[in-house]
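Report on the structure given below.
When the chains are written out, they are named A, B, C and D in that same order, and each has its own residue count from 1.
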């Protein structure tokens, strides 16, 4: 594993599976935010941080489409998957009402996650997350620290009431929280905090969160090619498997060239797609 | 009970014979690559590929989809890799499967349609063309071909002149009198009809106070539109003698038979693929047991039974 | 936060002022008697009564309703007690409530419409007429008035001549170009529009192999059609300057505001009354808190905000 | 209470209520047929046999409309309502999955039920039921026997596997079962059995079941004005409260005269409406 072949495909795509997982717990962890664990055979394929699952919320035509939710943690031994989700509409409201023992139809793992293979022991990497962009970064950080990588986290929330996982992240590495109202950590945006370090203080940066945050990250590191920067994008999805072209984004190559967030992403290397 | 017959699901779609009547709908299955990871595509009756245009198109800005009660809106905007890539990469790749391809084609001008039709119809695994004259998300030089019977007929005739395979015309439901359009294209030589494409719809976000789709409006598909599709097929099938590929909200084997009763001779499944990637093979598997349950020998016997008055009312 | 204002829900519908924008939709509330057992009707912004024709009508045979995904089909067929009974019994009974009545009227000929309009518009508690030119379940001498802009305009002009109250025209969604119909009736003097009526739909029963509705097809209403209604109102409101009463699948205060953003100045609630008899007062109660949440002072400020480009995109 | 004023309105309409009832039990009693008990304050208004409730099946827009189901039994003390329903489609399927503790939004009681007030001790009445027309007759029979009326039941099912409540009816009075396949009681239709008695052997007849059965009952008693005959009708419904005119049936009076099954019925006197 060396840093000399960074241009190869991030991860080979895997065949996603449809499986019925059983809820083992589901409870609120912040304002309108829930943490759910799901158990089942299908979990064993979920090995890559940054991938997501596409969940059917109920067994009827309403809600109709699946909902994409990031893999937040995986316990391979127990075959348990954790997701953390904010209640936004019908789909996540349905999920929030599920109880231990209920089953959910889950399609996944989907997409390409955060590449780990270039990471080596002793490297310093920065993880930047905002709001419900934070969950996939937890599993990422766990995987990185397991490899002996030194991870620093900057996590932004609207306020303390909206925050979650901060102490879990603290156990993995240095963790800075920010909040818009100052009720938690630094008052302001994660990007204020980011600028306390020079771009090239980090061998790699991993970010997931609202678009303005990703744009700020892109800008801060755009002149710093020696740092590998990965951004995880969100886009409204149809199929989740690359067939419907709902989730595309432009790439810099040409006017018609594109990438699909669901199968080429959600994680992209900085510059690979246009934000 | 009915005698088991190996070909109970076989249907004749004009001059094309399909081993079963179930195909994924255009635009909901790409060119088959993604779903081929879930199952071998050979089980499908046919595959309707994503609308192909002469040049590659990126389509509309995102967001391109939104959810509605029992339905979804899309405004993909005919994104596709263009004729050349379809001829060189997609169709040859699909040829590995024993499945006829229905090539959905679109364009901004009649010439463009004719160009694409001429070339794509010569590909061996292309069994038929499907003229997408009804995509609500693309304005074709100001007019939508699908809403004016005369323009639709004109386009059909032009494509028929060059196509070496049967031509199906995909009708728009966003018209006052769909029978008029159907009759006009039949007259102009269409070998069959596909119906329905999506209904025009919109959702507005209370927070942003703007339409959710970047394109503003989009096409409504899914179970919500099924009754509209059934009604239109029921009407049109009584006024034309060419076969109809029915679609709009199909989710189950029961839905498939409802389309047959209305007047369809085959069906396409769109949105449901997004919900369950295995939906097409699942439905195909469920058809025979359902025919048994209803005491029907051959699925084709059901076409138009909803209006053929010789059937005994139960 | 916004300053509380007593009249935040008041809307101006042309020359009519409503205390709030919520009314039950025609045909879904009878003449108010049944729902008056659940709550005092005075809380309503208005009441649109069941379509009234010159003579009593029995309507279509049963079954008259069927359920569809997130919607329902109906083919009631304009059953009503006729003009005389409405004038003598229903409207006087409704006069006990402090609620303006929107008299939905229908007919088979222009003369019949004119006759009903002339008489019913003189009743004191009738605030406006609503011309039902779009009932999909009744063929009016072969033509449906709602699908031809010229016929619709002609009818509107004739009714305008005799009506002593504002005339709203209820548009059919079963047309290719609803803007054309809207403009034509505006030109002909319509004071407002109601949109949308039901979409034509059908369900076929697998057991009987016949349409479920005795009438064959019926009108699709409920949440399933909401995106179609929103799209049509969004388009039409940009092309006319008369107010629009929006309807089609409204189930919540959020839905009401979505219709306002699209371009409606008031709303009607149909099918949802069948699901929850208290839906109208419930929604009225929820409107102010929702306006607070969105930081909107007056509900009327939202009309057309979905397309007025001066609003800041969030 | 005398038989001299039979022409007055069967029962004054009551104001129906919307109430949230809690499922106390729900289990299969025959092939595809379930019996459910529901508890709550709203039950106390359900006093009249033959009325029905309009049940919301789920909290979303699918299924959309309420489902009409007959009141099969009421325990006023416990405030418990019993319904028996056959799984036909989405609505009843939803109901069949409910468990004790779940809640259901119930509108009712609706309609006019079987009139009891003409019934006096010692009278002989016949109750005729078919399939899922049987449930409302149970509460009726209980009310009648409580008044000292002697009740005979004829209950028809497709087969033994489809039958339910037969032993409960036996406890109330003489009970004859019929089945189409002969697996239970007499092989054939309830109407075969009915003809074992003369029409005027009964002071009153109450029937609920499929249309052909009701038509046979109508025909058998049409020449027998001294027997009061009540038929409970089924019709697809929208509102259930008389507003939408989905559920009308013709009356013999004129071409435009009609009754609504939901509010004027579901129980009609023989001859009041056209079957």
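Observations on the model:
Keep this in mind: contacts are C-beta pairs under 8 Å (C-beta built on N, C-alpha and C of every residue); 3 or more make two chains touch, one makes a residue touch a chain.
Heads up on the chains, UniProt names are A, D = Dihydroorotate dehydrogenase B (NAD(+)), electron transfer subunit; B, C = Dihydroorotate dehydrogenase.
Values in this document were obtained by computation on a predicted structure and should not be read as measured data.
Of all chains in the assembly, those touching chain B and also chain D are A, C. Averaging Cα atoms per chain gives one point for each, and the point farthest from that of chain B is the centre of D. As a whole-number value, the distance joining the C-alpha centres of chain C and chain D reads 36 Å. Computed centre separation for the pair chain A/chain C is 46 angstrom, with centres defined by C-alpha atoms. Chain D has its Cα centroid 57 Å from the Cα centroid of chain A. Counting only residues that touch two or more partner chains, chain B has 69-71, 222-223. Under the contact definition stated at the top, the residues of chain D that touch 2 or more other chains are 61-62, 90.
Contact topology of the protein chains: fully connected, every pair of chains touching. Across the complex, chain A is touched by residues 69-70 of chain C.
By the touch rule above, chain C contacts chain D in their complex via residues 27-30, 33-35, 37-38, 50, 56-59, 62-67, 69-72, 74, 76, 79, 82, 222-223, 251, 271, 273-278. On chain C, the positions that touch chain B within their shared complex are 68-71, 73, 147, 174-177, 199-204, 206-211, 216-217, 220, 222-228, 230-231, 234, 249, 254, 257-258, 261-262, 294, 302, 305-306, 311, 313-314.
Residues 58, 60-62, 90 of chain A are the ones touching chain D in the complex.
Residues 61-62 of chain D are the ones touching chain B in the complex.
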